[in-house]
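There are two complexes below, and they share chain A, which is joined by chain B in the first and by chain C in the second.
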Partner chain A sequence: MTAIRAVYSQVRIGWRTPWAYRGPTLLTMMILAAQIALYTVVWRAIYRGHSGTVHGTSVDVAVAYVILGLTVASVLDLWPRQSIASRVREGLIGVDLLRPIGLLTQTLATQVGNVAANIPQTVIGLGMGFALGGLVPAHGPGAAAAFVLSLVFAFAVSQLITLLMGLSSFWTLEVGGTTMLFGVVRTFLSGTVIPLWFMPGWLRTIADVLPFQAATFTPLSIYFGRPTGGLLAALGVQAGWVIVLFGLCSWVWSRAQRRVVIQGG
Partner chain B sequence: MLRQYAILLRMGFAAARQYRADFLMTAFGALCYEAVSLAFVGVVIHAFGTIGGWGFREVAFVYGIRSMGHAIHGLGFGQLWDTDEVVRRGEFDRYLLRPIDPLLQLMTRRFQVTAVGDIVFASVLVTVTAIAAPISWTVARAAYLLAATIGSALVEAAVMLAISALSFRLLVTEPLMAVADNVYVTFGPYPLNILPRAVSYLLTFLLPLALAAYFPAAILLGRSGGLFVPIWFAGCSPVLGVVLFAAAIAFFHRQTRYYSSPGH
Partner chain C sequence: MPEEAPLVEVAHLVKEFRRVRRKEGRLGGVRTLFSHDYEQVRAVSDVSFSIGAGELVGYLGPNGAGKSTTIKMLTGILTPTSGRVTVAGLDPSRQRRANARNIGVVFGQRSQLWWDLPLRESFRAIRDLYGVPAGTGNRREAELVELLELGPILDSPVRQLSLGQRMRGDLVAAMLYQPALLYLDEPTVGLDVVARTRIREFIGRINVEQGTTIVLTTHDLEDVEKLCRRIVLIDHGKVLYDGELARLMARYAPYRELVITLAEPADVRIPDAEQVERDGPVVTVRFRSDRVRAPAIIAAVTAAYDVVDLSVVEPRIDAVIGHIYTQRGLPDDEQ
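Let's look at the complex of A and B:
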């Protein structure tokens, strides 16, 4: 019971942080709205002069895809620097380690609160998409239901990826532009802006064997009725990544414990 | 003034190099960042073949000019992103007390390490894409390309200076800068005549992105047929860059009058 309360208090910290720092939160919302407007214009312009579909994708799907993709990513894809990295740099990790619940649990709990606080962004994203006339319905009721289920997996995959990146800061102490680089690689390979359908074969293979696509592309491909290898396979791959990433996080953390540096301590 | 700038820049550079691993990783990270953003455009062209009738080599050339312009801008004016903080925390007090132009001090308060990676990447890219582009190079054209990249940097700097100058009155300009930056990154590499005419004009006269890559590239590629402005206007892009930049500097200086030191 006390453990549950402890976890809940971490969730609440994560939930409150974005509302305490309203400036950056508003900034993210503005950027989301701007990006959706920009990519909508760009896709429509690119498609002009290419009638019909390109790689099986119509302009309506490409636009709806990027609207949903940016919205989902803006809710789920947290920056790892909000979690462990900054705690390590400032030496606060020492406090975290004294807490009555394990570091992985508390970090995940904070991230869950963070994601929950991000949910209002869907109003911005979808509202902007609606205003631009860019939304299309799911491929069918079945696809819609599977999309929701896949989003749950995507949530887990995304949080574990963020956690894993955060854990790596025990070694790197957040050196240089790694966070920035991680962000852009994640956006690219998760298919947030460009569906993996458009990628040349070799790049598609790279994207397919990495976990990023399971965090955005998979639910979207289900929504548009084009899951890779069928619905069950797509969901199975997501579930597989949840297990693998969880295992990786536990393993990395067990190694990290031996080399924690509490800066300023 | 230039001497002061050189001294301050060198000091910042020396300070940044103290943390060697951090310096290298940051520069390398920035380089990869640019590479991934090029990959976005690459995937689109791979899938579509042409964009508005422009092939891969031509679009890549637009991208080359823009990335070089962006890199030079970053080296000189990357610190503008911190204007809000400098104003809000009163760091600007210090700049007003020293006998050097406050803007110069703001620009050199830290060395923009990411710009090193950007410049390495952009130099290679602009060279490769210029060679690959279907242009028969003459000395005059090469000189125009050089002017175009500098003009591209000046246009971006002018936009960012104008926005960050509002910081003295508004205190918060970062969202505006972020939106402008997003526009530059998202639309930068494309031939802008594919956009709806209203958007094209917005990107020429309100947020002058067209001057920063598309116009000079169209001139060099002999693609002036698709231009939505008179050809002489497009050709003058580098000159307009200088004019806009000078205007933005003047605007910034005027706005500093509205600075009120925090806590007083």
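Let's look at the complex of A and C:
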């Protein structure tokens, strides 16, 4: 009970913080709406005069995919919280280490709060999609149910990716733009805007062996009835990534922590 | 001295850091990055002391003396190279989170408050983190907020607070869960006189009224003078002095001064005192306070001269400590 209360305090911090910055939050919502409108226009233009499907994808699915993809990513894909390297530099790592709950728990709890604060984005994303007539129903009731389950895994994968990124900055240093580069790679390889089934074989292979696709592409492919290797395999890969990423985060943090407490940063 | 086991025990504490030796010359920076040429730096070298429950101890030393490194080992965020630290029966670096519940830490230079949120939210989060029951928590928060006069700014985001307000906020945060031991690392740095006085009063009060044991690190010797009976003085990672402040002063600043304003300018010659300065009618004499008492000197002066005004000047603590810092050691006894 005490532990739950302690963790929840950090979820609350994560939930409240974005509301302290109304301007940027509103701007993010406007960017989401604009992106959805633009991608919808472009997909429709590409498919114009082309009645069939491309790589098995109709214009309706392509448009609905990008609407859902951008919406999901805008809720789940956070930028890493202040990296450990900068906390060490500013001496704030000491404050983190003196809390009665661990740093990974603190960070994950705060991220959960941030994600909760992002949920209103779905109204913007889906509202815009609806206004453009771009939404399509799930492939069936089973696909809809599996989509929800897959979103839960996607949530976990996405949070662990963000956490790992923040942790690894301890070694990679923050050479200007690394985080930007990470954002671009993540958006692209997660299949947020372009479904992986449009990618050439070699690129698809790269995307398949990395965890990013499990955070966005997997639930969407389930929604549209095209999970890679079947439903169970797709969900299994997600679950696998949750375990692997969690292990990686713990390992990286234990190494970083050892260096902090022995070398003093 | 308390009869029970001391709250803090430090025995033969050593901390060595390994630093990469910097390369000189062309591409020195890059070559340093890949260098495996290390040097050992001994930040703390064989420090021992113990602190009893309820004490308020000043932990002093010049910059780079090893103060912060010691405090970091006491809080558990640094692991000692050798030696032993026990805080309330726990080994801080091995039992860091359990130890965190027993201690409060306030750093003058950084804050544990949540920057973007109203001060109130930080207090709430701290209470939740430490599992303070609602009733006790409300009462304690109300008391502390009143004591430090934070009521009007509870709804302001921490980033908008002045340094003094933020500092008071940090003190409340550290005391909300009533830790047995409070580490204060330069709590008055950069504050104006009013803010400094207020924080000093608060520190003295929680020590006396709540029995909180306090370890105070500061460069403001007025803090020390007003608050600490005992000081531990370190330099080069070693303890130079551990004991009562008054004893240090008596031993290393044995002279007190008497400033006399005479009706007619004159030199003052009386037994047991020597004139050190004369500026018109104002004469300063000094005497050894351990050998002769001030009233005796005053009586002798007023008997022999026509005196307009008199004042006794206390030895200045910063003169003593400053002397110790520059000598890099205790001065020899002046007999």
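Methods note: the second predicted complex is superposed on the first by the 247 of 265 C-alpha atoms of A that agree within 3 Å, B and C clash if a C-alpha of one lies under 4 Å from a C-alpha of the other, contacts with A are read in each partner's own complex, and residues count from 1 in each chain.
Here is the rule we go by: contacts are C-beta pairs under 8 Å (C-beta built on N, C-alpha and C of every residue); 3 or more make two chains touch, one makes a residue touch a chain.
Worth saying up front: this structure is predicted, and the values here are computed from it rather than measured.
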| item | value |
| --- | --- |
| Partner chain in contact with A:Arg16 - chain B first, chain C second, else both or neither | second |
| Which superposed partner A:Val123 touches (first chain B, second chain C, both, neither) | neither |
| Chain B versus chain C as contact partner of A:His50, first or second or both or neither | first |
| Partner chain(s) touched by A:Ile262 [first = chain B, second = chain C, both, neither] | second |
| Touched partner set for A:Val95, first chain B, second chain C, both or neither | second |
| First (chain B), second (chain C), both or neither touched by A:Tyr8 | second |
| Residues of chain A contacting chain B in one complex and chain C in the other | none |
| Contacting residues of chain B [partner chain A, same complex] | 21-30, 32-33, 36-37, 39-40, 43-44, 46-48, 50-53, 113-114, 117, 172, 174-175, 178-179, 182-183, 186-187, 190, 194-196, 199 |
| Chain C to chain A touching residues, read off their complex | 17-18, 69, 72, 75-79, 93, 96-97, 100-101, 103, 105, 107, 109-112, 114, 116-117, 121, 124-125, 128-131, 157 |
| Chain A residues within the chain C interface of the complex | 2, 5-6, 8-10, 12-13, 16-17, 20-21, 90-95, 97-102, 260-264 |
| Complex contact set, residues of chain A against chain B | 23, 26-27, 30-31, 34-35, 38-39, 41-42, 45-46, 48-50, 54-55, 175-178, 180-181, 184-185, 188, 193-194, 198-200, 203 |
